[in-house]
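See the structures that follow.
You will see two complexes here that share subunit A, one where it goes with subunit B and one where it goes with subunit C.
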Partner chain A sequence: MCDQTFLAITFGPCDSCSENRPLMNLYIKTEPINYCSLCMEIMACQGLASGETLKSLKAESETLRKKLEEERKKLHDVELEKVAEKAEALGELNMKTRRTLKGHGNKVLCMDWCKDKRRIVSSSQDGKVIVWDAFTTNKEHAVTMPTTWVMACAYAPSGCAIACGGLDNKCSVYPLSLDKDENLAAKKKSVAMHTNYLSGCTFTNSDMQILTSSGDGTSALWDVESGQLLQSFHGHSADVLTLDLAPSETGNTFVSGGSDKKANVWDLRSGQNVQSFDTHDSDINCVKYYPSGDAFASASDDSTCRLFDLRADREVSIYSKDSIMFGAASVDFSLSGRLLFAGYNDYTINVWDVLKGTRVAILFGHENRVSSLRVSPDGTAFCSGSWDNTLRIWA
Partner chain B sequence: MTIRTLRDYGQHYRPRMACLKNVEVFVVEMQDPKSGVKGADQKLNVTIIPHVINGQDILAWIVTKMKVTTEEAQAFGTMLVAYGYIYPLQNHRKLVLVPDSTLYRFQTPYFWPVQKWPAEDIDYAIYLARRNIRKKGMLEPYEQQHYDNLHKWMNPKWDFIVMQATEQYKANKERKKPDRVVLDCQERAYWIVHRPPVLTFDVVRRTNIFLTQALMRSAVKSSVSLTAFVKFVTTHHNHDPFLTTPVPSNPWITDSDEFWQLNSRSVDIPTKLSVERWVLSFWELISDPRGRVDFKLFLKKEHSAENMAFYEAAEEMRWGAASAIPEKSQFIFNTFLKPGAPRWINIDGRTMGLTVKGLVVPHRYVLDAAQTHIFLLMKKDTFYRYLKSPVHKDMQKRALVPAPHVFTDAQLEANVRNRNPGVSPILQWQQEEEEKAAAAVAARPIDVKAMVATNKLDRK
Partner chain C sequence: MARDMSDIDILKMELEQLKKEVSTPREPVSKTSKDTMDWCEAASGTDLLITGVPDDKNPYKPEKGGWKNIMLYLHRNTWQTYCSYVSLFTGLKRLKLERKNRRDIH
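Up next is the complex of A and B:
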């Protein structure tokens, strides 16, 4: 919790409607105002004032954009490669598949680790969601969803529940139990409701709240117990494909990436879009925060992965090679943030040196696209799920 | 106007189309010549358009048929217009149902949204090219934008497109004027739904609001933030299992889970590596469950355990269930905030005032200001005292440095066979909850009166 967030008023009476609501920090010219999200929408949709035309508004956009670029340029005083010269070179990395989890009957679309560092939940195209103890490769729980293409799944922080969803436009939570003959499907709880497919879901710091992203262009925060919508996030102009919650002490922001090639950073409390990055050339398939919370990486269909610095508000590095022509589907950082693991549609996994921008290793093994990739909570291994129906643990 | 029979639209990648089956039944009924909405011929500019209906009649018909309130009917009617089943004749870009004499027409089923053919870019290009020819280059600005984009990426096909467009234009000229106007209206309505004008003024306004706040947001010099990344990587180098082999060994490689057992929450003596990690920052200390236990021990010695307890209670409220908020806020107020509270936290007057006022109508973020204050207090003051304290220094001395495993091949095979199933996280969670409950009871202030009443204080 840095000093900046302490000074910003985030909850209280709105300057416009006087209702007690989570507030966005906005500016009219240079005057700060605190509006709730509803009043901000009303302000945006107001009829054109006298003298205003679509053209004048667009011209204002251009001037603001130019000004922003200038300001950011002033702060752009050094490149990452220069600063990274101080970092020592990496040694030889020897990563192999240590476990292969077989059991899904169709493409594995998503996976997530449990906080106990050894259990995994994975979901596939045929609607099956399986909880594995990856260390022993035993299947512990399994449930068949009534929908196919389960594109998102998440493990609860307590380890007592899982959430998943896909083409059914919903995110459902299943509490897990120790019974041998449990009927998971009976205890299902529908939490999130979107108007298009669910592309990503994650629990926040407890089992009681879920953050979801959907093909309808919005992300939303839900209360699990009541299914109530706590906050929605509008701003993407196409499907939102991925999201990631910030690991920092504040825990108040998350980043989402979409088919509109933009990655947006949002404030969880007010729903405000606080930062936006649009340097990618194609759909952003995955976004992941850097372990310190001050940056994030993205993987895109344009076959590159990029690193974005949140404090300097710009893209700082591109991880690409001429020989890599297929889209990147998923990324994650190692514990120290030195290594970036990325899974691609050409069946490989590339390991990049985050600071120096070079590729340190390429891993073969999967027989189809790598659809999702995550590093374990203690950084000892990472798991990759693929369209070849298997999951592999690499260490 | 022929109305085609409804087909079965199976669930495919865009499932919401299946719900439109019911809408279509409804729209077919609306068009019934006897019991549907009454239409008439209407003079528009110079031409007479057949089968025109007005907004008021549509609304009234929906209210009667569905037996709903005017507002619901209004919303449903707007959906019919938004999806393209009904299109407005005059203000053709505003896709809403206006319940007055505004004129509408039913869209021909050929253009209904569930027809399986997608709104192809090539059809749109032909449509725009034809419009270009007709209007002699005077397209609307958003159409011009679409046209330029399509021209750029469909360049190789452009000759074909222009050829199709000219053919269609000539064929159109053969038609009678009223038919031509109707067809034009239908087509235009269809493309408004499937290629909506992208840049309306509210989108631009939103962009401007975003850019203004982005300008006012302070950013940091690259040299500062990038150096911070390098520093983070360097300090965490020894803790990254991919860069420094973990001791005693990586469980995934040797199949021995001793590494996890030595770093678990309930272990007596932590490893030296863990202790080193706690020193890196306050956040690392309290993120590690074992570290938090140590810190709480230190706080108890300093008699400032209420700070951590308040922080944890506030976190629970923030991330907890919405229904628990009133109860939790009441508990937190009684235990930590009210004057004379048993575990009163020491925060400045302004924050206290704000918090207490906010607690009147509790919201999950109402404790944010107080929580931040306490967190910063612990981070900037208590943490440093902890690092210098005997509790911590003692732990540093006692911390284990496990010897790295050296397994023979036979032992490795044995490890594979005897992989430890570990404790289920569900059991662990239940255990932790019980511990928390016990700690809460122990932390409750001693009620002197009750003790006297039960003679517990009686010394003999």
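Up next is the complex of A and C:
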């Protein structure tokens, strides 16, 4: 009687499937491991190495991360600010709101310029997508999407179509016609299908392909005519919030930023994640390539914007101030890359000197968060869209 | 996709990625920063937001609805309308004279 041992059933979270189940206590190399019986079966079938557990994987990734840090540190021989001391100081910037585009009924979430440097497409929370003429502030086209929160919109390079999407999980392309009375919604084409909200979309160099990013953690490249998926990009461990395509001279890559605080650089053709940067402390809301294509900037909820150099594979500059406590929602570079415009959740736009790392100006005017910001293709002005239902053009 | 993955799968994915990244070629920051700065200086001549654009060339500078600019717009417009009326009038007068001359000849 005394030598009868009873197996005490422990109940708790399993190490591998994290569900509350009755656990079987194992000892592998004196390390106590708790797996539920289901996982034991699965492990046996999959032929997982007996040593592979969450802990060992974590340990391995830690050592690799440290090694990566060391490699990167070796090349960090000088700060960008030091090199930039030789650069000329910028003169006084005299920028004001030149046009206010009013007409949206709710928060403006996204905007894009047309290559003709004159037209702007903007989308808002109430489902309306409007095409404006920036010089005259006239509305040229208006489309009502069947969904609210249209978080992404883009103008085609030819200027003949717009793409937009949001909570409907897909990206729709509307061809624009010269006839104002024509019902644009009738010609709509659904291109992308994701399993969660669409956070960003952009046309590649032609009207035929669209790159989208989604809350389901993936980005994808689609063919517009057939709606087929050409390539998908997996690598983020949380929602992908933003993406930007490299400027055409430098090749087929794009950068995406997500809620997992990482910014990843991808190769369009192979679908591979080429580089990854994770120095931000919070969600990355916007990423933009430097005009030369060798660097990119990111704006994050941790109230900083950072510049990452792709060839040196590290962060080279942080644009932050103690007085800025609100997250940055959007960034863009001026044509030469000397100025970085960033829109913040404290209703302001800060203009940073990219090389010296200092703030050059603060622009006030919006009455709510600045949600998106883009410089015009010829660099004469930039437009900012805000949660106060308006867009402002600054020059 | 990322939301459906279990923690182990996410970790495995990250591990694969790190293994790839450790071996990417890198250049020292001194070289890349200098290249960035040189590119920037070379392009700064074309950056209109820094150099500024003269008011008559900038499509945004005449602020719509600015009181000074409304007066300027009206002033410019009235002069233009006047000139065009004058030229129209003189043109018509010349036409009349020509027709009269032709009739007289015939």
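For the reader, a short list of remarks on this structure follows.
In this section, the second predicted complex is superposed on the first by the 329 of 395 C-alpha atoms of A that agree within 3 Å, B and C clash if a C-alpha of one lies under 4 Å from a C-alpha of the other, contacts with A are read in each partner's own complex, and residues count from 1 in each chain.
The working rule: contacts are C-beta pairs under 8 Å (C-beta built on N, C-alpha and C of every residue); 3 or more make two chains touch, one makes a residue touch a chain.
Keep in mind that this is a model prediction, so the values were computed, not measured.
Contacts of A:18 after superposition: subunit C is touched, whereas subunit B is not reached. In the superposition on chain A, A:226 makes contact with subunit B only, not with subunit C.
Looking at the shared chain after the overlay, A:364 reaches neither subunit B nor subunit C. Of the two partner chains placed around the shared chain by superposition, subunit C is the only one that A:236 touches, whereas subunit B remains out of contact.
For subunit A, the partner touching the most residues, choosing from subunit B and subunit C, is B.
In the superposition on chain A, A:335 makes contact with both subunit B and subunit C. In the superposed model, A:217 makes contact with subunit C only, not with subunit B. When both complexes are aligned on chain A by C-alpha atoms, subunit A residues 54, 57-58, 60-61, 64-65, 67-68, 71-72, 75-80, 83-84, 86-87, 90-91, 93, 95, 98-99, 135-136, 195-196, 235, 272-276, 290-292, 294-295, 309, 311-314, 316, 334-339, 354-355, 378-381, 393, 395 touch subunit B in the first and subunit C in the second.
Residues of subunit A touching subunit C in their complex: 16-18, 54, 57-58, 60-61, 64-65, 67-68, 71-72, 75-80, 83-84, 86-87, 90-91, 93-95, 98-99, 134-137, 195-196, 216-218, 234-239, 260, 272-276, 290-292, 294-295, 309, 311-314, 316, 334-339, 354-355, 375, 378-382, 393, 395.
Residues of subunit B that touch subunit A in their complex: 11, 13-16, 141, 199-202, 204-230, 232-234, 236-237, 239-243, 246, 250-253, 257, 259-260, 263, 283, 315-316, 318-323, 358, 361, 363, 365-366, 368-369, 371-373, 375-376, 379, 419-422, 424-429.
Across the interface of their complex, subunit B is touched by residues 1, 3-6, 10-12, 20, 22, 25-30, 32, 40, 43-46, 48, 52, 54, 57-58, 60-61, 64-65, 67-68, 71-72, 75-80, 83-84, 86-87, 90-91, 93, 95, 98-99, 114-119, 133, 135-136, 138, 140, 158-160, 167-169, 176-178, 195-197, 204-206, 208-209, 223-226, 228, 230, 235, 248-249, 269, 272-276, 290-292, 294-295, 309, 311-314, 316, 334-339, 354-355, 378-381, 393, 395 of subunit A. On the subunit C side of its complex with subunit A, the touching residues are 1-3, 5-8, 10-15, 17-22, 24, 26-37, 39-41, 43-50, 52-53, 58-61, 63-64.
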